[in-house]
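Look for chain A in each of the two complexes below; its partner is chain B in the first and chain C in the second.
This part shows the complex of A and B:
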């Protein structure tokens, strides 16, 4: 696939010099590099779907089914064959990536932002604020994730927007816990005490002094959260409580081709493999960033 | 100790009420008029109004909420729209199947995850450690619904080693694939957690002493490291059991496993809201109780936790 892959610049994203030890560690980590490359290829392929896709993903081809109405295998016209409605499988996979990634990345961004905010506020202010936020986190975590997501998605009707809202509102807890734990340590640090002694307001200390320090953790959590959100989104779409047909979506594609697994295993295999590879890419990248950013050269501790 | 326990129990009660409140709000926000649904599509406005009064839907919201909590306290989760039977009875009838699957999932998690984690820690930095780390991330990244279908295709359909799905007697062959699908992600997670914990214990001075006495690595791990990681393992198993008892909708749906998750999935398609919300509440109950049990068990298993 001739994909124009833009240069990967994590140092720009994290604000690191190329000589920074963390960046050097990251470049030596084969799993992190594999994750970054794979992730870029998948994101680029989905983003460039209008250019790369050979057909309109929703077009039903009359010549796209066998005489007995079964999906076609790979051919020159349909590189990965057709699905059960005679639509081009490759085009649906590429456009499906747009839907799945849009939901996963936006949910992860919102979840991380909520977690960052609540973790900062709870960890820094402590006392009743911290208690309330901690208890809220506990309550949210005690819900069975999938069932709760299904119930809420059904209430607000399954659309891209409601999916993003629900997934981010039930997965922010992971980021909040991590950030809070870090802020609890940081707020005792000399630079925070110094800023306070100089008369800095709480808002200024939070924004200018604490937020930059927990940003790396937030970025790691974001990468892992993309994988988590994608799994949740595709599960919901698989169960019928997510993206609705005819919109192409990886989880939905697995569900729709499940009845054909015996005759056309490729139809089930491909969208699921796309989910697996995307999650793997973001997990490898996230874990790689985590150990690279840990000054002790720490390993994945989950 | 007694005071900590009382505080912990009070918090559990609060959590249960909080979860019930959220479910009540969800039920209230659900589109559609329950009275209209129950009265049927051809009911007259008078009938609908009568049903509304009967359900108490004409009362102020806080009164409805009070009655809702009262019903919950009497284990009344409402009536399923589709089956017309009490929701709790429906859930209870399906629960043994879910419990079986949950146990099978735990067995796979432990049987695969523990040896991998311990062995990787014993050979830190060697090829096994590196390969298993890479593979474990795969286990965490695989979508369970897809893994289930792939296993059905390969093991049940192509090789014909195991049944394709459903439930039968004896139950064991029917449990293998759904159990494996459920447990594989957790197994990968267990392996990572255990590897980290074993490495932590291996760095302790008493391990040095044991090694200085001339014990082999295997003996050290078996006698001195494993007893120290049981707490971690038991905690994790307890929490997973809670989550699995909440019904794993996706796995049950793929394998046609007749548990509460499968029932919830059918309820989704029928938009049977009392059954969906009842199952959510039931699942939350298990998770909260599992957390409580784990917290208490922790006090007994780890003497260090008691003083702190």
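This part shows the complex of A and C:
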């Protein structure tokens, strides 16, 4: 039986026209707009850290501590004060964002790409392929996420590269399951049947007919995945299994300043707030994109 | 079985140890306490909170900087913070057997690159900048240190590295004693200071007892007095026979002239001549630049207001629990 599927609109995924209904829906969603703006500001600030940061983030300033060795509060020289080692807090926040976001965005991109590929293949080919991919997904999903990440990262000495690899290798399952479910429905659709009747190869059907249809889901999943990866990356760094000192990183900053929660709460609050705001921004953006890209109004669970 | 003031009642390795009063102790009426419980593996910050809450009576060394300053400035607790100069030294050992630290110029560069004053600032001044390997608190040393052969001078350190054939620096690893009091501060300071002259350092946290056996290019090292004599430091740090993996000479320094000088100094009678001989040895050790002395530490302890009779041994580390008592 054929399922009603909206006609393929390439614009829905790539290069949306300003008049496109999805774009109009997105513009009417204040939370999504706020998320997009906030996300853009945070990403831009981190990317422009070399220009914006007043100091070298790793420099220990002799005048960056009080005579008895306590961190300084905000001043003209150090706009957000200094950390417990006499380093400029603002510069560390900006560069820390670079590290945290580089890991989060790259992991999300890899995870979504792997999920997209495996979801398409499993959902379309079915049978043994689907079984194998499905069981692999179950196995990966059944691992306690953080514990698995800690174990893996500790085996392969923690670096930015190994963190990205580990996070993407355990978070691709979310995208894979979503895409597979969608492909299962789509492969019964008239236009796929028609393509098959016309003699199109499996590769052509996957790439030209199915992939563009599931791309909006992948984009939504990517935005949400950035938030998820950022949380995971920060947790690992907080636990000492992630980014290593002195590289600035938000999770590591929270961990290192934790003894100062009573005397200098700003040191814990600022990187914590950066993590929270970035996660919120990408989550709202993702949720907004989901309802905007779903012409039926969006009840799907992502 | 014991002839000491307490005997072991129970012990859960890594968690708790309970001692009880030894009724057969030879000193009449001592110890005062019936029972003494040690909790191991408690985060120092948590230890401070437990004393404040009345759940413990004593925290050992290693009060985190944030807590230390808060306690010192608190009218309620400042009287319960005890400090005393330790007869000991914190240093970096540069492995003279592996490149590039087998090059004297490289070692001298490291000596001049470390900003010890800033390090002590990070430690809230809980120590004295060290110029040599012999603590100035040793008997007969009168608090005087040897002259500083390597004043902090990053520009000169870079020049030395260039002269040694490392115009772009190099990468290396620092074995960092992980339960070392102030270890975070030492790691951060050394990493940042060496980065400033071109040496990229990866920190490798190790159990403190493993720093001697890990055979790292660079490692933190500490020594506290076992017996009141400079030979306790010199023989361990510098003798060729100790320059083995697992020995007490993690720089693997083997200088036969130093060995001869140590052999000549050891039998000297107590007095100014002996002190002078060891000061000369200290200077010679510094000329080899195998150890980067960081500071002579100050021990800090935080105890409950009801704790009485708390004395700290000068030799080694532990406190004497025989005379402890609790005010009613």
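Just so it is clear, the second predicted complex is superposed on the first by the 285 of 302 C-alpha atoms of A that agree within 3 Å, B and C clash if a C-alpha of one lies under 4 Å from a C-alpha of the other, contacts with A are read in each partner's own complex, and residues count from 1 in each chain.
One rule holds for everything that comes next: contacts are C-beta pairs under 8 Å (C-beta built on N, C-alpha and C of every residue); 3 or more make two chains touch, one makes a residue touch a chain.
On a predicted model such as this, the values are computed, not experimentally measured, just so you know.
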item	value
Fit or clash - chain C, chain B, common chain A	fit
Touched partner set for A:184, first chain B, second chain C, both or neither	neither
Touched partner set for A:260, first chain B, second chain C, both or neither	second
Which superposed partner A:70 touches (first chain B, second chain C, both, neither)	second
Which of chain B and chain C A:44 touches, first, second, both or neither	neither
Chain B versus chain C as contact partner of A:245, first or second or both or neither	second
First (chain B), second (chain C), both or neither touched by A:138	first
Touch count on chain A, higher of chain B and chain C	B
Partner chain in contact with A:275 - chain B first, chain C second, else both or neither	first
First (chain B), second (chain C), both or neither touched by A:146	first
Which of chain B and chain C A:234 touches, first, second, both or neither	first
Minimum C-alpha spacing, chains overlaid - chain B and chain C, in Å	6
Interface residues of chain A shared between complexes with chain B and chain C	262
Contacting residues of chain A [partner chain C, same complex]	58-60, 62, 65, 67-70, 84-86, 244-246, 256, 259-260, 262-264
Sites on chain C touched by chain A in the complex	45, 64-67, 69-70, 115, 117-118, 120-125, 184-185, 187-189, 191-193, 195-196, 202-203
Parts of chain B lying in touch with chain A, wherever the complex brings them together	11, 14-15, 18-19, 22, 26, 29-31, 133-134, 137-138, 140-147, 149-150, 152-153, 157, 189, 192-193, 196, 243, 246-250, 253-254, 261, 264-265, 268-269, 271, 273, 276-277, 279-280, 283-284, 287-288, 291
Chain B-facing residues of chain A, complex	31, 135, 138-139, 142-144, 146-148, 150-152, 154-155, 157, 227, 231, 234-235, 238-241, 251, 254-255, 258, 261-262, 265, 268-269, 271-273, 275-276, 279-280, 283-284, 287, 299-302
